[in-house]
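Each of the next two complexes has chain A plus one other chain: chain B in the first, chain C in the second.
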Partner chain A sequence: MNLDEAIRLRDPSRLPSRRDEDWRWTDLRGLLRTIPEPSRPLAAGTAGLGPFDGLTEETLIVANGSGPEEIRIAGGETRTLALRHISRGDGAHSARLRIDVGPSARLTLLESHEGGGAGLSLLGVDLHLGADAACERLVLADMDAEAVAVVELDANLAAGARFSQTLLTAGARRQRFETRVRHPGQGAEVRLDGLYVLRDRRHADLTSKVSHEGPGGRTDQLARGVADDQARAVFQGRITVQEGADGTDARMAHNALILSDRAEVDARPELEIYADDVACAHGATVGALDDEVLFYMRQRGLPEREARSLLVASFLGEVIDRIESPAAAERMRSWLQARIGAEG
Partner chain B sequence: MLSLHDLHARVGDREILKGLTLEVPAGEVHAIMGPNGAGKSTLSYVLTGRLGYEITAGSAELDGVDLLSLEANERAAKGLFLSFQYPLEIPGVPALTFIRTALNAQRKARGEAEMSAPDFLKRARACAADLKMDFDMLKRPLNVGFSGGEKKRMEILQMALLSPRFMILDETDSGLDIDALRIVSDGVNALRGPDRSMLVITHYQRLLDYIRPDRVHVLADGRIAASGGPELALELERDGYDKYARAA
Partner chain C sequence: MVAVKDTVDQVAGLEKYEHGFVTEIEQEFAPKGLNRDTVAFISAKKEEPEWMLAWRLEAFERWSAMESPDWARVSFPPIDYQDATYYAAPKTKVGPASLDEVDPELLRTYEKLGIPLREQEVLAGVTGAPRYAVDAVFDSVSVVTTFKKELAEAGVIFCSMSEAVREHPELVRKYLGTVVPVSDNYFACLNSAVFSDGSFVYVPPGVRCPMELSTYFRINAAGSGQFERTLIIADKGAYVSYLEGCTAPMRDENQLHAAVVELVALDDAEIKYSTVQNWYPGDPETGKGGIYNFVTKRADCRGDRSRVSWTQVETGSAITWKYPSCILRGRESVGEFYSIAITNGRQQADTGTKMIHLGEGTRSRIISKGISAGRSSNTYRGLVSAHPKARGARNFTQCDSLLIGKTCSAHTVPYIEARNGACTFEHEATTTRLSEDQLFYARQRGLSEEEAVQLLVNGFVRDVLQELPMEFAVEAQKLVAISLEGSVG
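The block that comes next holds the complex of A and B.
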């Protein structure tokens, strides 16, 4: 199984399938009989505005698989970068990008995934954080309903580095965000949040694997989402605390609301601990909106739709509250609000 | 103002209201007392439009408007308010946000202009002060982690801010300490007026010393078994419901 090769060699037998344990809920081989033609290059200047427009001085564009391959943030620098991953048409493409954040540097990465057509796309990002560096990655995925997309991130943290992430997605025909984080360093810190708002037949998969290999690290993960209509959400979170990673603090929570009988949420939280003196907590809930609460709100005068939106917005908003960059958080909050308000 | 005629309601195949007739004229406060399980809360839910009840016969009108054909929120916009026996918690929604959203939803439904945030805040501060509530409590998610008594006070605060025309108080006195009972009763009495009416459900005569009712009704086994003046409450306190339980 190798999605990149499947796309480059146009070989559907290399697509991840339900037989791959990690992909059983996001089967691509069962979905695609053939790999679409390679995407045609996108003409420069056709990108329009991105969701984080105006918040950064620099915008990098990866369009139909082509764009920069390497970005370096020098030690001690502070940068805010927009990264727009744009897919147009029905083709297939894949891209890989390496981002190096030097020692004590700070990067705010505002990443968006736009379009998607009925094509197939893969974006892989390799992120290297030097000692005491920090990166906040905020991802907004507003893709076409017919898109099939996988976005991967491999983050390697040096000692004392900090990585925070918030994913916000409305899903696609099939869509997966896979985040893999290694902390070999001492005292490395991670926040790994995610949000999904799914309607119709959309699918979103938030998968993460965090490995603590040095002592005194910390991971805090909060994923929340709502699935309506016939949508399907997948949450797979694994935190491994390796031998010697003593004193690690790992927290994981996934809470989902199912708004229709035909929506589905599959969740698999896993904690594996091989070290001593580890503080761990995980909680997972999947539920519906409480009818009693809805009646109470309606007795006060709120129409059902407004009552539902208010409950959903506050449920999801708590994840937005954890974002460190206020301007980007506001963009994400209003995007989310518009999605929820549009809900039937 | 409120007029209920031969109201029958069931949950599943269990009949709970069995022909309830009641008239509450404008400006009056009526008390309802009755044994546990008699159907008092059921009556308040049927009137306010909670789902799960089947109305098999009878009518319920507020100023000539058929309540039973309206959605719960439409009834609220017509001025019907229920202070819940067990108020619900609303996670993540600050009390102030919730009440203002509800108030403006009602105003919108009535074709009135929204109340601005500063005007609303001013009123909320004044109401909180009247009810001796710490204003910071209104910034917390509604009722989450509140004590039983605090929740009841919060119900009355909402009632004051929404200024309904017909109020149902379902055991608002339960869970209140002696001082709170007086403060809350003062709050309720402040809402009395010639165009407003109330139905006060309680088990204890003491509440009726503070909120003086015009009429007292005994609800037993799904219907009004007796009605009288305030003295009926004293009699019930002394003799209990024995004679109504059998008669029903």
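The block that comes next holds the complex of A and C.
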């Protein structure tokens, strides 16, 4: 099973399938009989405006699989970068990008995934954070309903580094965000948040694997989402505490609302602990909107539709509240608002 | 501080694995190896009808084409299925009419294990003391079943599986393999081919079984495995509480225990199934020997408002691999799972449950307490799923793990699948070590370190112990103490 090879060699038998335990709810082999033709190159000039336009001067574009392969942020620098991953047409493509953030540097990465057509795409990002460096990665995924896409991030943190992430997605035909973090402990901190708003037959999979490899690390994770119509949401989170990673404090929460009888939410919050002096916890809930609360709001004169979207907005809003960059948080909040407004 | 005193007393009475003796008794074995002839041999020994043999042979064919699963978080060398005996029985008459015909050596064995086989002994206790009927399974056969007469008066059938196949074929044919299909999984399929004895219980409509039923499994023979099969049916409105205990001698080799337990609850019926599992866990230092406990237990809440509750205390076995599950088919049926799993030494446990919500308004509850010490590995693995028709399904899951020492590990792997808009699932899990503050407090009060650990551990598992029938709760509490011996310091 290797998605990158499957795309390059056009070999569907290498696609991950439900037989791979980590892909049981996001089956690609069962979905795609063949791998589409390689995507045609796309002129960057045709990209139009991105969702984070105006927040930074620096925009990098990965268009149909081609774009920069390496970015370096020098030690001590503070930068805001927009990274636009644009896919057009029905082809298949994959790209890999390495980002180095030097010691004590700060990077705000505003990442957007746009288009997708009916193709298949893979974007892999290798992120290296030097000692005491900080990176906040904010992701907005607005893909076509027919797109099949996987976005992977491997984050390697040095001691004292901070990595925070908030993912917002509206899903696609099949879509997965996989975040893998090597956590050295030693004062390093990780926040991994995610949010999905899914309608129609869309699918979104938020998967994360955090491996605590040294003592005294912190991880805090909050994922929330709503699934309506025939949508399907998948949350898989694994926190591993390796031998010797004592003093680890790791918390994970996933809360989902199912708004329709034909929607589905699958979750697997995992803890894998090989050290004894740890405090680890996870919580997962799945349920419908509280009828009594809805009734109360309607009694006060709110139309049902408005009451519902208010409840959903406050439920999801907590994830946005944890974003550190205020300007980007506003963009993400209005994106979410537009999505929920379209809920009814 | 009664609890403290109890704990102190227990720690004082700690022993190593106390059931590790071997009974010297003449036994009859099937020839070593596994093929169609072995299956036919077992069937013939049990004087089974033609249909039962055909069922076994079909299972054997299917098993031969299957591969051993490897997804659990346990590791063991490949099992050589040809290097074991699949049938071992004491040479004396099987199914004696009265206890006087039972080999005295066997009786002494059960006496040593503290299992009352003489009805008068059970009665000899304090007036009003709870009584329970016992089906004693020694290697591949049931040695004796007590209180059969009194149970029969209430209409309850309680006998060994072999006897049920002969005496109640209509019931066996109707229900056997309907909860755990023959080829459900590798070990269940093996069991279907070579199963030896186990208990059969049928409680007729509206009957509340007048006493606790229990089975005591003992592996004695070397080089053999135990493949018991248990089937419990609670007809409409019936109630039964069933207990299962197990032990084995200390040996350097690994022995396989691959059981299948099927429960069927019809409308308004309730089954309470409790297990105190204390198979020989292997040598704590070298990890040599011990039982491989690969068991398939499943309940089918077929009827509306039916209820099944699994309670398990897992302290023994080198490797435990079991997931007592509930299929909640009937409207408003209820499934419960209460578990304490303790691993020490080099034990490995991968255990949990599945709650499959199919019917409307079904409810389930999972309380799992895992404790790992020594160099052991302890995994909770569970599934809670609601199908589109299971509107109003509810689940609450709590999984707590406690780590004692730096070389053990604890894992939590819950799967949650919600497929309709009207279900409510809540899951929470924590992993911690014993609190230093609490230990310090207990030691300040004059408890030794080991006693303090016992006290805290007992507090940790209390929620589950409370679900056990009284006499077994005491037994289980003692077991918890013994299992954790040597885990501190």
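The criterion applied here is as follows: the second predicted complex is superposed on the first by the 343 of 344 C-alpha atoms of A that agree within 3 Å, B and C clash if a C-alpha of one lies under 4 Å from a C-alpha of the other, contacts with A are read in each partner's own complex, and residues count from 1 in each chain.
To be clear about the criterion, a contact is a pair of C-beta atoms (placed from the backbone, for glycine too) under 8 Å apart; a residue touches a chain by one contact, two chains touch by 3 or more.
From a predicted model like this one, the values you see are computed outputs, not experimental measurements.
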| item | value |
| --- | --- |
| Touched partner set for A:Leu259, first chain B, second chain C, both or neither | second |
| Contacts of A:Ala267 with chain B and chain C, given as first, second, both or neither | second |
| Partner chain in contact with A:Glu58 - chain B first, chain C second, else both or neither | neither |
| Touching partner for A:Arg300 - first (chain B), second (chain C), both, neither | first |
| Contact breadth on chain A, by residue count: chain C or chain B | C |
| Touching partner for A:Thr285 - first (chain B), second (chain C), both, neither | second |
| Chain B-facing residues of chain A, complex | 290-293, 295-304, 306-307, 310-311, 314-315, 317-318 |
| Complex interface listing, chain B residues touching chain A | 48-51, 71-73, 75-77, 81-82, 84, 87-93, 98-99, 101-103, 105-106, 109, 141, 158, 162 |
| List of chain C residues in touch with chain A within their complex | 71, 388, 391, 401, 403-433 |
| In the complex, chain A residues that touch chain C | 21, 243, 246, 256, 258-288 |
